[in-house]
Amino acid sequence: MAIRVLVWGENIHDRENEIVRGIYPDGMHGAIAKALNADPAIEATTATLEQPEHGLTVDRLARTDVLAWWGHRAHGDVSDEVVDRVAERVWQGMGLIVLHSGHFSKIFRKLMGTPCALKWREAGEKERIWVVNPSHPIAQGLEPSFVIPQTEMYGEPFVVPEPMETVFISWYDGGEVFRSGLTFQRGGGRIFYFSPGHEVYPIYHDKNVQQVIKNAVKWAANPAPAWTTVAVAANVPTERAPEPLSQRGPSLHQPGEEGFR
Amino acid sequence: MAIRVLVWGENIHDRENEIVRGIYPDGMHGAIAKALNADPAIEATTATLEQPEHGLTVDRLARTDVLAWWGHRAHGDVSDEVVDRVAERVWQGMGLIVLHSGHFSKIFRKLMGTPCALKWREAGEKERIWVVNPSHPIAQGLEPSFVIPQTEMYGEPFVVPEPMETVFISWYDGGEVFRSGLTFQRGGGRIFYFSPGHEVYPIYHDKNVQQVIKNAVKWAANPAPAWTTVAVAANVPTERAPEPLSQRGPSLHQPGEEGFR
Amino acid sequence: MAIRVLVWGENIHDRENEIVRGIYPDGMHGAIAKALNADPAIEATTATLEQPEHGLTVDRLARTDVLAWWGHRAHGDVSDEVVDRVAERVWQGMGLIVLHSGHFSKIFRKLMGTPCALKWREAGEKERIWVVNPSHPIAQGLEPSFVIPQTEMYGEPFVVPEPMETVFISWYDGGEVFRSGLTFQRGGGRIFYFSPGHEVYPIYHDKNVQQVIKNAVKWAANPAPAWTTVAVAANVPTERAPEPLSQRGPSLHQPGEEGFR
Amino acid sequence: MAIRVLVWGENIHDRENEIVRGIYPDGMHGAIAKALNADPAIEATTATLEQPEHGLTVDRLARTDVLAWWGHRAHGDVSDEVVDRVAERVWQGMGLIVLHSGHFSKIFRKLMGTPCALKWREAGEKERIWVVNPSHPIAQGLEPSFVIPQTEMYGEPFVVPEPMETVFISWYDGGEVFRSGLTFQRGGGRIFYFSPGHEVYPIYHDKNVQQVIKNAVKWAANPAPAWTTVAVAANVPTERAPEPLSQRGPSLHQPGEEGFR
């Protein structure tokens, strides 16, 4: 069965900015989904901010294996309810690929527990992306390094927790470096952050960038059944303890009572 | 200079529940602060939920090196504004020690990015806490294992990110296990979660538990100056790039413009 | 294409000890390989200590995707040359599953860089294995916990580096705990340590244990091409630097000279 | 009490190469020790390859809190016995700072369990070292980045396990990047790898480099008592199990017998 990918796009600059519209007539989300759909193992669709519930209904998320996220100008317009819903699905096992300026999205900051700040410069400079672990699934099919001719610089310190794996590190013309490909795990969900993707350059048309996103989709897809109890604090009553046990001493809760949250 | 610790207590069961009041006439926070103050290198004070801003004003937090957090019944009553403020201070370098049912506090869940769920049972059973790394600063002065005669069971899966270090693992009479001492780093702040501490048993009077908390305070205190820009996405204009650089191609932002958040 | 697994057994107690022989007429390696071969996606063969080069020739390892290792009494009899060869293949991308007393094998200690010591007791006591992350590939098809009725106790501290993931933690009748399922990455190779498997109990006939090993094989198999240069310190001459560069200042090496090792 | 640092130098190029001798009349180890001794909290001495037991006797190591290691041309001349001895002391809690070409030293490779390979170029190019976590103890007193005007390039992939923390990442004139400051933990010992330090440039006279090494010494010093049993697999006899236990079923070992290694 194909991996069901949902490419979410903010779809603002895609429509309103002439340069961006010229590069991505179907939006960045459209371009990414199209590139993914070239792989028969992937079935990609799109959703955007302006749709009801931002196109991220409970039902839609339930049928999504991996969600890719691009946002920039309107992070604050994404409803907290939807963000909580997406986080819950990630914890249950949905993969998440956070692209470029998505570092400041509500969903990424919620899952990281850090500010996710970084340095930036929009000079159209060159970025060279180095593969740190060439045998990592996300690095398959790439050269030891590849170049993005024009990029927005993102520089360290990138305030995220220590990643599970550092997959890519970027070098910039202007002298900075950046951990441009990082993996994280939250509950059952695998998360990949990938920094290239500034909207005024044709970065999502780059074949290496497309390869990375395709690889990341396959890496992030978790075939395990959804971990639906991931946020449940289950009481194990004394009489159902794995080892025989008798109640001793005082107790705060009445039998069968729910825990506090 | 002494380490300035602020022990925060919800202070509800401490006052309202007769058993808890009997064990902790000055509240759990009071007992913990008293134990910490026995060490001349530590200067511990307390704050509680019912105080204005929960006793966690900007100024108070600025003068705090390590915050210890105990909450249970009223996690939802802690204002989001105060939670954001505490998180910002942790990112800047303040240490945080999260105790027992604080696993479900807003601040811990915010910093972890996971549900922080676990299994639980209130049977007054025995807990044996094993030291996983005896040379870790938080394990100093302890035997290879120590016993808490009556405890609330907390069982795996404990839904947190992979920790920086697993310091303690607990064994329970009833057959469960739990990673009872875990370290994390978020920005400049070190975080230690320690599970023992159910309020109807005299756990914070236990000398081993007191030793752990004292050790954790010393481990979590970060003498570095506060990282005040930890959440700032600083623009580095082209003319101030570390290496000489000239502007190329189109740009989304006007010179000097702030980034989107 | 099926995953090519090589199950390596020391094959000493399997032949010499009457109890072990009774439980495993084809050796433990034989029992494990048979269980794996029940899965059409896996093609398992065996090799043993007494074979030439311990059955681990260069060619054989080149055709192995995942190596499972069981040793106990004769760790010292494994030749250093073969150990180095196995390590090199792991770095290149071969998966490695280290079973039970293999914690003290030369290959595991070499890959960990630590003593890999632990506590132990052979009392035939009960072990309860808890799943720490139910959505991990290695935990698929298991209940929240499962029991091994008679086991050798392995207790903390287990002196290994912090793992990439803690998949299982064990509870023992006698009061100890142990991180019984841990993952590591070394170069291109994924490593899984799994502690159950004492030879005088029929542990490798247990269906849960078989499920774990089968899952681990699938998790550890890395489809990436072998990383053949993983141990090579490649010189990048000045004239082939990614960015134009001219030689400045003194130099220790002559052009084209190899680096020191 | 001052931190007792032992700076170990290979002392070959220091004596035989005219350029190196000119920069470091007292050897690189001498220059590093001198810089460290400027801090009253540190007491640094030196040892070199040509001394009996390379100056690393059991007694000397027992009195060492942190060992700094510089080697390049003669890694193979360091005796395996001494390497094992140093590793044991690291596991027991001695800190280890591995400098520059020490990435290929026997001791570092033994503790990492990986090839520790990297790319290199000796062009005297510029290196810019970026601080990834400005609140880390090892980064104190530094600017967001600092420059080494002439350096040997070390490039990714650097084949080490995922570090505990990435403290520094380097940018090079020639287009490469490198994780130039990494922390690891092995048993009780903290390890810091720091890449700058090529012998034909005056890098150890640089005040930022000296600051990093001084910070690293303080970070790596573990005041805990030596973990002398770190490599011991202790048997816990049935009658001394923490919980009452009776022997069940067959057994491989006789009571009181040592485990196999």
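Points worth noting:
Per-chain residue numbering starts at 1, and chain names A, B, C and D are given in the order in which the chains are listed.
Note that in this section a residue touches a chain if its C-beta (ideal position, glycine included) is under 8 Å from a C-beta of that chain, and two chains touch if they have at least 3 such contacts.
Quick caveat, the model's predicted, so the values are computed rather than measured.
Common neighbours of chain A and chain B (chains touching each): C, D. Chain pairs A-D and A-C differ in how many C-beta pairs they share in contact, with the greater number at A-D. Most remote chain with respect to chain C, judged by CA-atom centres, is B.
In terms of their C-alpha centroids, the spacing between chain A and chain C amounts to 31 Å.
Between chain C and chain D, the centres computed from C-alpha atoms are 27 Å apart.
Distance from the chain A centre to the chain D centre is 36 Å, each centre being the mean of its Cα atoms. Shared interface positions of chain A, defined as residues touching 2 or more other chains, are 128, 133-134, 145, 155, 162, 164-165, 175-176, 185, 187, 242. Residues of chain B that touch chain A in their complex: 13, 17, 19, 72-76, 87, 91, 101, 104, 110-115, 117-125, 150, 153, 155, 159, 161-162, 164, 173-176, 184-187, 198-201, 229-238, 241-243, 245-253, 259-261.
Note for the complex: chain B touches chain C at residues 128, 130-134, 144-145, 155-158, 162, 164-166, 169-172, 175-177, 179.
Contact residues of chain A toward chain C in the complex are 92-93, 128, 133-137, 140, 145, 164-165, 185, 187-189, 222, 224, 227, 242.
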